[in-house]
Amino acid sequence: MPEFQEKAPLLDREVIADDIFRLTLHAPKIAAAARPGQFVMLRVGAGMDPLLRRPFSIHQIDASGNMKILFKVIGRGTAALAGVSPGSSIDCIGPLGNGFSLEKKGRLCLVGGGMGIAPLYFLASRLLQNGKRVDRDFVLLGARNHQELHIVADEFYELGYRVQTATDDGSLGHHGFVTELLDPILPAMERVCTCGPLAMMKICADKAGAADVACQVSLETHMACGLGACLGCAVRNADGGYLHVCRQGPVFDAGEVKWTG
Amino acid sequence: MDRINGKDIDLRVRLGGLSLRNPVMTASGTFGYAGEFSHLVDLQRLGAVVVKGISLAPRPGNPPPRVVETACGMLNAIGLENVGLEGFLAEKMEFLREINSRVIVNILGDSVREYGLLAEKLTGVKGVDALEVNISCPNVKKGGVAFGTDPAMAAEVTRVVKEGTDLPVIVKLSPNVTDITVMARAVEEAGADAVSLINTLIGMAIDPASRRPRLANIIGGLSGPAIKPVALRMVWQAARAVSIPVIGIGGIATPEDALEFLIAGATAIQVGTANFYQPRSAESIIDGLAAYLKTQGEDSIRSIIGTLQTEGD
Amino acid sequence: MDRINGKDIDLRVRLGGLSLRNPVMTASGTFGYAGEFSHLVDLQRLGAVVVKGISLAPRPGNPPPRVVETACGMLNAIGLENVGLEGFLAEKMEFLREINSRVIVNILGDSVREYGLLAEKLTGVKGVDALEVNISCPNVKKGGVAFGTDPAMAAEVTRVVKEGTDLPVIVKLSPNVTDITVMARAVEEAGADAVSLINTLIGMAIDPASRRPRLANIIGGLSGPAIKPVALRMVWQAARAVSIPVIGIGGIATPEDALEFLIAGATAIQVGTANFYQPRSAESIIDGLAAYLKTQGEDSIRSIIGTLQTEGD
Amino acid sequence: MPEFQEKAPLLDREVIADDIFRLTLHAPKIAAAARPGQFVMLRVGAGMDPLLRRPFSIHQIDASGNMKILFKVIGRGTAALAGVSPGSSIDCIGPLGNGFSLEKKGRLCLVGGGMGIAPLYFLASRLLQNGKRVDRDFVLLGARNHQELHIVADEFYELGYRVQTATDDGSLGHHGFVTELLDPILPAMERVCTCGPLAMMKICADKAGAADVACQVSLETHMACGLGACLGCAVRNADGGYLHVCRQGPVFDAGEVKWTG
């Protein structure tokens, strides 16, 4: 699984919400090699501060070598990224990590919360491309409000998935937690793939576990390199040892992970 | 000879018994076991690869969070996670033998005896060109700190490692001391073939919202451009204090950074944190050194080493 | 009480005998004699102003270049240029008496005796609220370094200063030591009312084109955000080692920075290099501390000090 | 002499040459207080790297509170400044320093090299405003080439000064050093004001000294604060002591300065 370093021209910059942006980067080598669930490390800003690259899930890929990332402004790095104007280039390393299972058999439920929806779109579209039957598969998406969600929710819908949404303020779909949408659906599912806040993924994992449904989760952790070199991205595994999110993950079977808190 | 427009620019340096095709190495713990970078970096261009610190037994490392970014730097408290000597020999050496670059094994132990055993067991292993003795890692409470800050203990470790091996022995110094020259001289007298410095400065970061340390280990090692001025000062001091070669480490990311250390007296340098954010840093430094020699009208990097001009006004 | 929407948010802290309206001071050498900032900063909001280090006789300082920017930091080798005690009393104290803020005089000497004389002569001067004893400045070859790195000498200076004055005595520690707690305890035992730390780390920078040091003095003091992690770690260590108040210094520029130090155990903080690039840093920190207390549901800054949570996972 | 800190909107950005830019900033307080020869400290970039402000001479002032600075890209700070787009604001502190003499009597020669021409324009226009007779006063300007110089040279000309130019490549005016233009003029002058490379100012100072003509020079040095607080901006004075460029200068009588090298 080779990774590439590309100076990727920024082709487009969409403002999804006040603090949520979607960038289209021309990164043909990365795009050609990418699998759903993998991520890229982006260099934000030209100087030495912020110093480290930032990890972002690969959100969409097209046949002409373009890659989208969807992100929320959290701190200095993402703020800098939001300020990059089309025409500039962004230094990208990827694709990194393992990715979600591309199993075509069985009914699938994707559960995304916040920016966790980013990799799920790539997964949803790749499964469709690979010939999976998706019209009985669910996509459950949660966010703070309508604005954050509706554009990407529509895109999932266009792929042919059954899309349900939940928002904190009730401005789109269910008023409440996205995980609450899972209960009626879960018994009919064979697999759940989830990405989002840890607490949300834990609920998914618990519910899936209780229902004896397979569950893959995509973890976030601070990363210095993304390449398996710094060993900084450790999270606890179920046995008390450590998993390295950048190489062994970011996607894990829910059972591998130690769910604390 | 380095490839740069076919010009005869000589970047070779010698560290005691170890000759390098150029003075640019990758620092321990920042380049994994080299394979991690094989798709991004032309490994055979490197002067040497220093692998992640190896202990006798595998170590799981510290609980997370293990890394946090700081102003122009980062803190790490990896806790010396490593595959252990057997794992290293079984899983990593085969690849390292093939990269056509020098391989330096960084070793660490909880006791003098462990250092000695590691040295013995790595001696004669095909593909291992030298040992770098990490007496300076601040992350493990047991041993690490004391070896690196007490000249007598540092000398003792050096002696035992030297007795256990005929490989060139580089002793890697901690910057968390009052006088780096005391440490450098202590290990020189104990037989070190070279010293490398600096390892990380001990630092800390707190999240005000939770009032918790940002590292589970509370304290960690500070690295990156932020520490370069301190590293350069210590390298300059050490190079004037000892007659064995000095390897400069600390915040090096560009050719200019590397040149600062060479001019201050380092015979070679290591690129650490920069590998994380710019994997091609070492390669661009190699290119930049050759370019600098041209502009300076010199044909050998060795004529740059230790040429700091401090007289006059 | 600080003015923030008329809310009763209590930012007052006490350093031994010295009470401050808030824990935010400006660090010695980075705020001149306060007048330099009078048009840009509301001086009366400051917890205290620590003036540029004063010696018995005026000092001309080092040859230029004296400052150089580094990654997220700067090096200085001012060489303790100052107007001298008489000049200070004649030219600077009048203004300082009027600023309606605490005034702490930073003193430095070449000998224990000079420190003692400075303490005596500043005692009883109207408007001088405390002394900060600089035993740590690395720029002057004579004296400076040794006082700050040798616990016995640091204790000796502290004792003599304490004998010479009834003002609160803050001893300012150098970070260029193996174990900051040894230094902190030494001056505590010698009678210091508080310790402040850190002074600058010793660093260096070289211009590869000319192969000359970027500072005429070759080495200088590193300050700014780059050093914050080291400063914070030392403040945390010192605060656990002594029972006198600790004043945190090093790279503080934002309310979050200040909070890190307070949470680590500092009773007050000093803003240094940030004054140069953002003169209003201290004021915005004061505002930010008050705002933080509100979000945390606390009404006194004193309930934040030393509240680092280190237990659990 | 109070100084102000203003977040000054960038109104205009002119590209004078590949690496030379002129910015128009709306900084009414600074503009109102400024005197020729004074400077401003600008914060470049939002992050902590580059950390320190950068000093720039006040180049032009207009009645509506606008201030221009003229600068060349040297390193990271000036590169960042060149990248700021109109609409953003730049954090300015000023006016700082002492400034040139505004003496109206006697014939004056201004000698500017490279970016040293920046403060001289403000001086030239203020003298005219103050009622000085300038049609017998000279402005000698030196630069690398025509491109660097012609716009500002024309502006001096429009003020009514006698303008002579020198370029390294001969593409405008005299082919050679600007100081070579001084010889025929100097005997008739009462004062020289010069700003530019140290070597150039030294030649001016030497020639003026030999001709017994008063000479003011504007010095550059690394500055951390610009406010007189850090004491970092020292240069040697004629007596072996130090001058602080930011407060005692940047303008000095040539005789005050120790001319080395």
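For the reader, a short list of remarks on this structure follows.
We call the chains A, B, C and D, going by the order they appear; numbering starts again at 1 in every chain.
Quick note on the criterion: a contact is a pair of C-beta atoms (placed from the backbone, for glycine too) under 8 Å apart; a residue touches a chain by one contact, two chains touch by 3 or more.
What you see is a predicted model; the values in this text were computed from it and never measured.
Among the remaining chains, those touching subunit C and also subunit D are A, B.
Averaging C-alpha coordinates per chain places the centre of subunit B 34 Å away from that of subunit C.
Distance between chain centres (mean CA atoms), subunit A to subunit C: 46 Å. For the pair subunit A and subunit D, the distance between C-alpha centroids works out to 54 Å. For subunit C, residues touching at least two other chains, in rising order: 63, 71-73, 224-225, 313. In subunit A, the residues touching two or more other chains are 48-50.
Arrangement of the chains shown, judged by which pairs touch: all-to-all, with no pair of chains left without contact.
Considering their complex, residues 48-49, 260 of subunit D touch subunit B.
By the touch rule above, subunit B contacts subunit D in their complex via residues 71-72, 313.
For subunit A in complex with subunit B, the residues that touch the partner chain are 2-5, 43, 48-53, 93, 221-225, 227-236, 241-242.
Across the complex, subunit B meets subunit A through its residues 29-32, 36-37, 39-40, 52, 60-69, 71-74, 76, 78, 81, 224-225, 253, 273, 275-280. On the subunit A side of its complex with subunit D, the touching residues are 45, 47-50, 76, 80.
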